[in-house]
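Worksheet: the structure to be examined is printed underneath.
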Amino acid sequence: MMMKRYLPHPLLSLALLIVWVFLVNEVSAGAIVFGAILAVIIPLITASFWQDRPKVGNVIAICEYGLVVLWDILVANVIVAGLILFRKAESLETKCVVVPLDLTSPEAITTLAGTITMTPGTVTIDLSADAKSLLVHCLHAPDAQGVIDDIKDRYERRLKEIFE
Amino acid sequence: MSLTLIVLLPFIGAVLPAIMIRAGRNACAIATGSVTLLALILLMAKAPAVIGGEVFQVSYDWLPELGLNVTFFLDGLGLLFATLILGIGLLIIIYARFYLSKDDPMGRFYVFLLLFQGAMVGIVLSDNILLLLVFWELTSLSSFLLIGYWKHLPEGRQGARMALAVTGGGGLAMIAGMLILGNIVGSYDLSVILQNADMIQASPMYVPALVLILLGCFTKSAQFPFHFWLPHAMAAPTPVSAYLHSATMVKAGIFLMARMWPVLSGTPEWFYIVATTGLVTMVLGAWIAIFKHDLKGLLAYSTVSHLGLVTMLLGFGTPIAAVAGVFHIINHATFKAALFMTAGIVDHETGTRDIRRFGGLINLMPIAGTIGIISAASMAGIIPFNGFLSKEMMLEEAWHTVWMDQSWFMPVLATIGAIFSVAYSFRFIFHVWLGKPRDENLPHHPHDPPFGMWAPPAFLTILVILIGLFPAAIAGPIVAATSAAVIGGALPEYHLALWHGLTPALGMSIIAIVVGAVLLMRHGSLLSATANLSRPDAKAMFDCGMAKLVTVTRFATEKLHNGSLQRYLAITIFAAIAIGLTGFYAEPDHTAGTRELLAVSPAAAIGWVLLVVTCLAAVVMHHNRLLSLLLVGVIGLIVSLGFIYLSAPDLALTQISVEVVTVILMLLALNILPKETPKESLAGRKMRDGVISIAAGLGIGSAIWAIMTRELPNSISAFHLANSKTEGGGTNVVNVILVDFRGFDTFGEIIVLGIAALSIFALIETVSGSEAAKRLASWVVKNRRSADRHPMMMVIATRVMLPLSLMVGVYIFLRGHNEPGGGFIAGLVVSVALVMQYMASGFGWTQNRMKVRYHGMIGLGVIAAAITGASAWVAGLPFLTSGFVHVHLPIVGEFELASAMGFDLGVFLTVVGAVMLALAKLSQVERMAEHADINRHPMDYDPSVQTTTPEKEA
Amino acid sequence: MEFLVASSIGLLTTCGTYLLLRGRTFPVVVGLALLSYAVNVFLFAMGRLTINMPPILREGVTEYTDPLPQALVLTAIVISFGMTALIVVLSIRAFLEIGNDHVDGRPVGEPSEAGDKN
Amino acid sequence: MGDWIVVPIVLPAVVAALIVLAVRHDIVLQRIFSITSTLALVAISLVLMIFASTNAPEMYALSDWPAPFGIVLVLDRLSAMMVFLTSVLGLGVVLYSSSEWDKRGKHFHALFQFQLMGVNGAFLTGDVFNLFVFFEVLLIASYGLMLHGAGAERLKAGMQYVVVNLTGSSLFLVGVGMIYSVTGTLNMADLAIQVANIAPGDAAILRAGGLILLLVFCVKAALVPIHFWLPGTYANAPAPVAALFAIMTKVGAYSVLRVYTLVFGGTAGDMAWLAEPFILPAALITVTVGMVGVVAAKRLNSLVAFSVIGSMGTLLTAIGLFTPEGISAGLYYLLHSTFSAAALFLIADLVVSRRGQYGDSLHTAPVFHQSGFLAVLFFIGAIGMAGMPPISGFIGKLQILNAARDGDTMIWVWSVILVTSLICIIGFGRAGSVLFWKSASVQGEIVVEDANWPVLPIVAACGMLGCMIALTVFAGPISAYLNGVADQLFDTSQYIRAVLGDGALAQFGQ
Amino acid sequence: MIDYALNFGFICVSLALLMNLWRLTIGPTTADRILAVDTMTINAIALLVMYGIAKGTSMYFEGALLLAMFGFVSTVAYCKFILRGDIIE
Amino acid sequence: MPFIVELIISLLIVIGGLFLLIGSFGMLKLRELLPRLHAPTKATTVGVGGVLIASMLFFWVERGHFTIHELLITLFLFLTAPITANLIAKAYMLLNVDPHTDLPPSEQNEGWATFDPVGPEGYDPSEEYEEKES
């Protein structure tokens, strides 16, 4: 009970503690103690701005997702660089594709949209008003359905695991 | 002491009528009269001694540095004038009690009258010419009030203003003259000045001083060519005319000439200026008086003429002429005051002052008629009245006087003046009192006035007769005493008597009376003969002059202050360039610096190109306001990078933080303001502005170039660097300077921010009910707008960023003393984090979750800073003295606690409070324009909450 | 380097001044912003230019840039920020109250042309 | 006096903060706080002035850093007098506004106290950059106060006021920067020493910087041709604020006096009397422009505003002589013109508020309530402003004329001051005649909501007039004090000794 | 070697900045301009980090951090301005 | 400093710089905003990432302690880049794109958020403007 009251979001607090250590750029007892204090206080102060935070389970899933995304970013960036450098602008098959969503948590949808943007070749440019589809712009997508499937399979599936 | 009291009594007593008027008109008049009476008694108590040759003096320090002291003295001249002022003043007070109607505010009248009286007494008793100037100008002011007493009459108002302008202006000239006089002698005390005639007349500044002083005298005494104001001042109630314009104020100029006679007279300059002016005034005034149909106008010009006469006598510069002048002053005061009062009676009883409507009034008003006729006869110089005596003396002196080697000139003109004088005096007698009534339909049916009204003139008329019959006995002593004072030496041989034998003067007198009578008989034909002569109308000229003055000043002022900020700024900037260049090139002593220059790195060069292009783009494209905002943001970015490059991390951080808040602010503003700046500058204007701007840029650029290329002299900052760590407890010297070495600057700086926020709050809070509110109410959103107010992705992202940003804020705050950072930047970081919430999740939702009041934060911040500063007092140290300790805690380790941190906390709180208050308040205007309600939910639609019914926008 | 900084300050001043002399509030505000950049850099540069010598005391380092102008510029930045905020709000308020954003001496209440509407 | 020297700055700041923090919703409490604080300021500053009149200048080292490294405050005759003047004026203003004005907008009292803080700080500080900071404090507070209650004309004028002063602030920094760049110091006493010993090759930069700074001060002092902000601002500011602004122009004059006698004064070697060639001619033109504007005015408030320009010109004429006599005379006139401007603005407001829809336009309107009483006040105020006796303005002008009598410039000073006095008299005469006399000939009645006798405003307005009368009556002792001020200003070693000690004086070569 | 790399990096970023500037000035849409400024900010961050490496100091880290935070906020503000006019509603 | 570390750092810097350049180049080269959006949002982010990692490595090796705060900047950029891209795209679409002809339908009950507010009937924001005019 006390725990819940004073540490409503342990994960957030942990993240903040890490951020603090990042910031002060040293892993010392002083830094951690002070960071821990802040990590408790700041979520308390800001609790009202994020009242129903999603339950996020499975740290392993999160890590897995993170690594996948990171890898995709690295790889696909090279491809985009190639497209930019070596393809004539007119020859790019840019198009908008619609990705229907199964996710309902705003946090999850936002993460997915962000992932899509950060992985090259695609940018989430809009969301349907009822948050049930994403509008994704592809820089060069001869196969639109492939893109959609890729998104749903690689990212949405994993996010579903994390957020539900 | 009692001398001072004589002067002060009227001033002190001036409150009495204001109070006593509540007790009734009689009480008011009695109170006023008793003040004057008391002063008069005090004066009379000294009269015998003064006539005996004694001089009373009293002196108090007022402003000794300047030589302005309260010094009074009473000699014969002072006595004469003070007696006239107080004596006739008393009569006037009585007369006015009956003259003023029930509708006239009598209390006010008496207040003004007493003020005037005090000022006049002050003039004649002052022994210090600066003090005299004080009273001199006071008479101008109080007479302004008296002349304008009947404020509903346009003539009164205009006359008052004209009198003020002329006499006030003359007074200002006299100030200059008196200061010169004082400068020559080395003292402003009259008694000293009067001893130094030789020194004054030998001084090269004698003529300027003389002219300036005479300007004061001539304006006050209505001498040609300043005579024009006096008749217009006749719009005043008759008691005022009688008092000011016959007996007292106009004689102030005469008094001063008499007062200064010993030191100023006797030179050719004096003679030609004063005597000629007097002569011209005498003749001209008398000539005009003949044709005046207004009773008071006639008397007014006759006064001008008589003042000219006295002036001329004083101008002769001979002792005997001075005696004649003094004597005429007395005589004129008696008959002219009586005449004015009589005129007032006529006006009062008949309801008109037009001479053409009178005739035979003596039958209806025998008492007034008798008084009037006797007084007028005296004015005409008819034996045996007093006017005859002094006129004879005048003619006698004129006979002896040679003007520009012409011995005929003075006698002839003096005789002509006398002829005219007889003519208008007879006109007063024959056209008003005698003969047949010319108008049966006078506004009122005239009869003799009450005793109170005719007694004062009657008393004066008795004096007219008595002095005429027994001049030596009645007027002799005072004339002697006065003349002695005027001449400042031995009295000449003279006899005050009706009969001096068959003198040239008698002949001239007789000619005057005969020719004058003939003139009057021919009055009608004279009138028609002169009707076509173009006479300069002084009033029209004055009015025209004033109108021209107003037009010209208005034109100049409006042309100069055309309300265009552009002009004001252009001039200011131009002035800055000009004065800077003047300073720089005042002497050719500038040497170029020898400091070694830094090498240009490629990055720096590119940064420079970026800046140049962006700046130029910002000017070229400034019509697109959003774009210019973006460009300014880029400039800010480059400047920040420049600061970092040039070893100023704190500056960079601050610039970056300030930049974003400014952008937000400007965007909020731009939503209301037009999005485009129309192209409306003309080519010429662009050219002008371009030249000014380039000059400014070149100036500043060259200045900083000159500075940067030379070595920095020993700077106080060496001390800051040396002591920052050891004494200030911080390694970030900039921060230690801000919170410690120059913490007071920072104290002021946060207050600036706080004030800015409070002012912004006030500016927007007062929108309601104003024109602005109406505009906002009818505001039409013309831009195409996105359908979602609060995009979901952004809401989520900012939720994550809020705690992160707060963390960063704390970090920046804590490290400020030793590393780049500090309370200000931390405050901006936190503010921006909060603003992000407002932007993403909407004002309503966010505001509902804010638990602090921004106002309070500002106040608290300032107080925190002040308390930190004041806590040093406890230790007996000056405000803002900082202290620091190194604290050791288990686990945490050692850290430093500096009082400067408390100060920085104040900075932090103020910044957050100020920024948030300003932004929150500004966004209120936007909402008024949007006609939108504040939102209760952070997102437009939350897909995880299925029960939420989607809401349409309001 | 000094020349780049001097010319930048000069250019910022020129551009700022030119905009300051326009007849509407917004360019005036922008001009003031540019001018305050110029002045801040000017004030900063009066301590002379140095590279990589920030005034943060370090063991063994003896050469630092002049910290005082930096502190002064910081104060100046904060103050001009407050001033900018105020003038921005003032320009809105004045625009709403007067109905136009002229600063060229046009009398209050005089109708404004099309460009004035939002 | 130790810590008391900083109190005139800290006290209003804290009171303002308290008002904002605790009582911003309660106007009565705000008034109590504000008036009490101002009364305390009057008392404290009186004590400071009495102290200063009998003691050598005293320094107060903020943060306990020795001069010239930290910021110092300096209490001498001049600063003490200016602080006292501010407090007394402030008391009048706060009393005046506490009846009704303070409710027309928000945060009046907080801004007012901050304004006092800024003005006092500017007077007390001995550091040029700190002077800049206090300039900004007093300016931004004045922006807030000027815009109090808003209104189209006021906003328009406010815009100009703010922009011109922001430009001025930029120039201030440029000037300070140039001076620092060749002297390496910001402390005024230290500057005096450094300027006297300036390297010859640096002199041109220093001169240019010094003169740009002079221009900035003269912007505040409303010297022609950089006076343009004043007529609109003063004429459109809320009356009590306009009255308070009477001290704002004096801050400019004060700064000229301080910096150009101490730093660029007689001991400055090649830089001696740097401001001298500029002030006097500009001041004479200023008098003319101001008084011409008085005649030209179509509105009462603008008439008073232009008369303020004229009075600033007169004041700077005296200062521009740069002689002890001139400065002493100028300071007397400074005291006088502060009160007379304040009094006139307050009286004008009383008149305007009773003229209903006729406002302050100088056109004939029917008689208004308390017209007679206000006519008396206006008359006294006007003769004060025009320099007619017996009010202090006359004495002030006499002193100025007297001080100018030995110089080559006498003919100019005398003729300009005397002729403009006449113009001013004519202008005020016309205005008074229209307002108080001509109304008698107009039928009808002006109906205003509140025709009662407003006690506090009348007390305040009469108080300002009373101060002028006190200046007149006690002209002797006041002038003696002012001579002391001038002596201190001319004997800069007193100031330098107080700030830097005797050692610095040796370096100074005295 | 790192020095050469850094010089290369500086040149790259500088060129990138110039390209951003070009996009900023030619537009054509406001969105393009916002994009250009946003990219500029990111390039500036990289420039700062590289500069830190070059000078062997982490003094400029906070500058980069704040640029990252505030660059975002101002971009968002510009976009919201175009999207809704009122950025805080 | 070991050569290999130096090499890695140098490479990271060079790659980072190149990506930054490519990102900006792409933004210049591509024809329309939406394609342009791809270049900076990603290439630059990766570029900065590379430089940041180089910095971490550099200080780790050079100074002997592992500096991690660079990660924070990366975190911020990753967090913000998608939002930026999304908003810029929305801003662009609002003014330059016709949702009916240029965009695929959302295949849901509601249209794209930029153009259709939440609710049963979709509507054009320009109508809102028309209504308020009248």
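Order of writing sets the chain letters: A, B, C, D, E and F. Residues in each chain are counted from 1.
Keep this in mind: a contact is a pair of C-beta atoms (placed from the backbone, for glycine too) under 8 Å apart; a residue touches a chain by one contact, two chains touch by 3 or more.
Only a predicted model underlies this, so the values are computations on that prediction, with no experimental measurement involved.
With steps allowed only between chains in touch, the distance from chain A over to chain C comes to 2.
Relative to chain B, the chain whose mean Cα position lies farthest away is A. Contact count check for B-E and B-D (C-beta pairs in contact): higher for B-D.
The distance from the centre of chain C to the centre of chain D, with each centre set as the mean of the Cα atoms, comes to 28 Å. Here the CA centre of chain D is 48 Å from the CA centre of chain E. Rounded to a whole number, the gap between the C-alpha centres of chain D and chain F is 56 angstrom. One finds 62 Å separating the Cα centroids of chain A and chain D. For chain C, the set of residues touching two or more other chains reads 20, 25, 28, 38, 40, 42, 46-47, 52, 54, 56, 68, 72, 75, 79, 82-83, 86, 90-91, 93, 97-98, 103. Contact with two or more other chains is made by residues 10-11, 13, 15, 17, 30, 34, 58-59, 61, 65, 69, 76, 78, 80, 82-83 of chain E.
Residue positions of chain B touching 2 or more other chains, listed in rising order: 563, 565, 567, 569, 573, 601, 607, 645, 649, 668, 670, 700, 703, 707, 712, 715-717, 720, 741-742, 745, 749, 752, 755-756, 759, 763, 767, 770-772, 780-783, 785-788, 791-794, 797, 801, 804, 808, 819-820, 929, 940-941, 950. Looking at the complex, you find that chain C touches chain B at residues 1-30, 33-34, 37-38, 40-42, 44-58, 64-68, 70-75, 77-79, 81-86, 88-93, 95-99, 101, 103-107, 113, 115-118. Across the complex, chain C is touched by residues 129, 132-133, 136, 140, 143-144, 147, 150-153, 155-156, 158-160, 162-163, 166-167, 169-170, 173-174, 176-178, 180-181, 186 of chain D. Residues of chain E touching chain F in their complex: 1-2, 4-6, 8-13, 15-17, 19-20, 22-23, 29-32, 34-36, 38-39, 42-43, 45-46, 49-50, 52-53, 56, 58, 61, 64-65, 68-69, 72, 75-76, 78-80, 82-83.
The touching residues of chain E, counted against chain C in their complex, run 55, 57, 59. By the touch rule above, chain F contacts chain E in their complex via residues 6-7, 9-11, 13-14, 16-18, 20-21, 23-25, 27-28, 33, 36-37, 40, 44-45, 47-48, 51-52, 54-55, 58-59, 62, 67, 69-70, 72-73, 76-77, 80, 83-84, 87-92, 94-96, 114.
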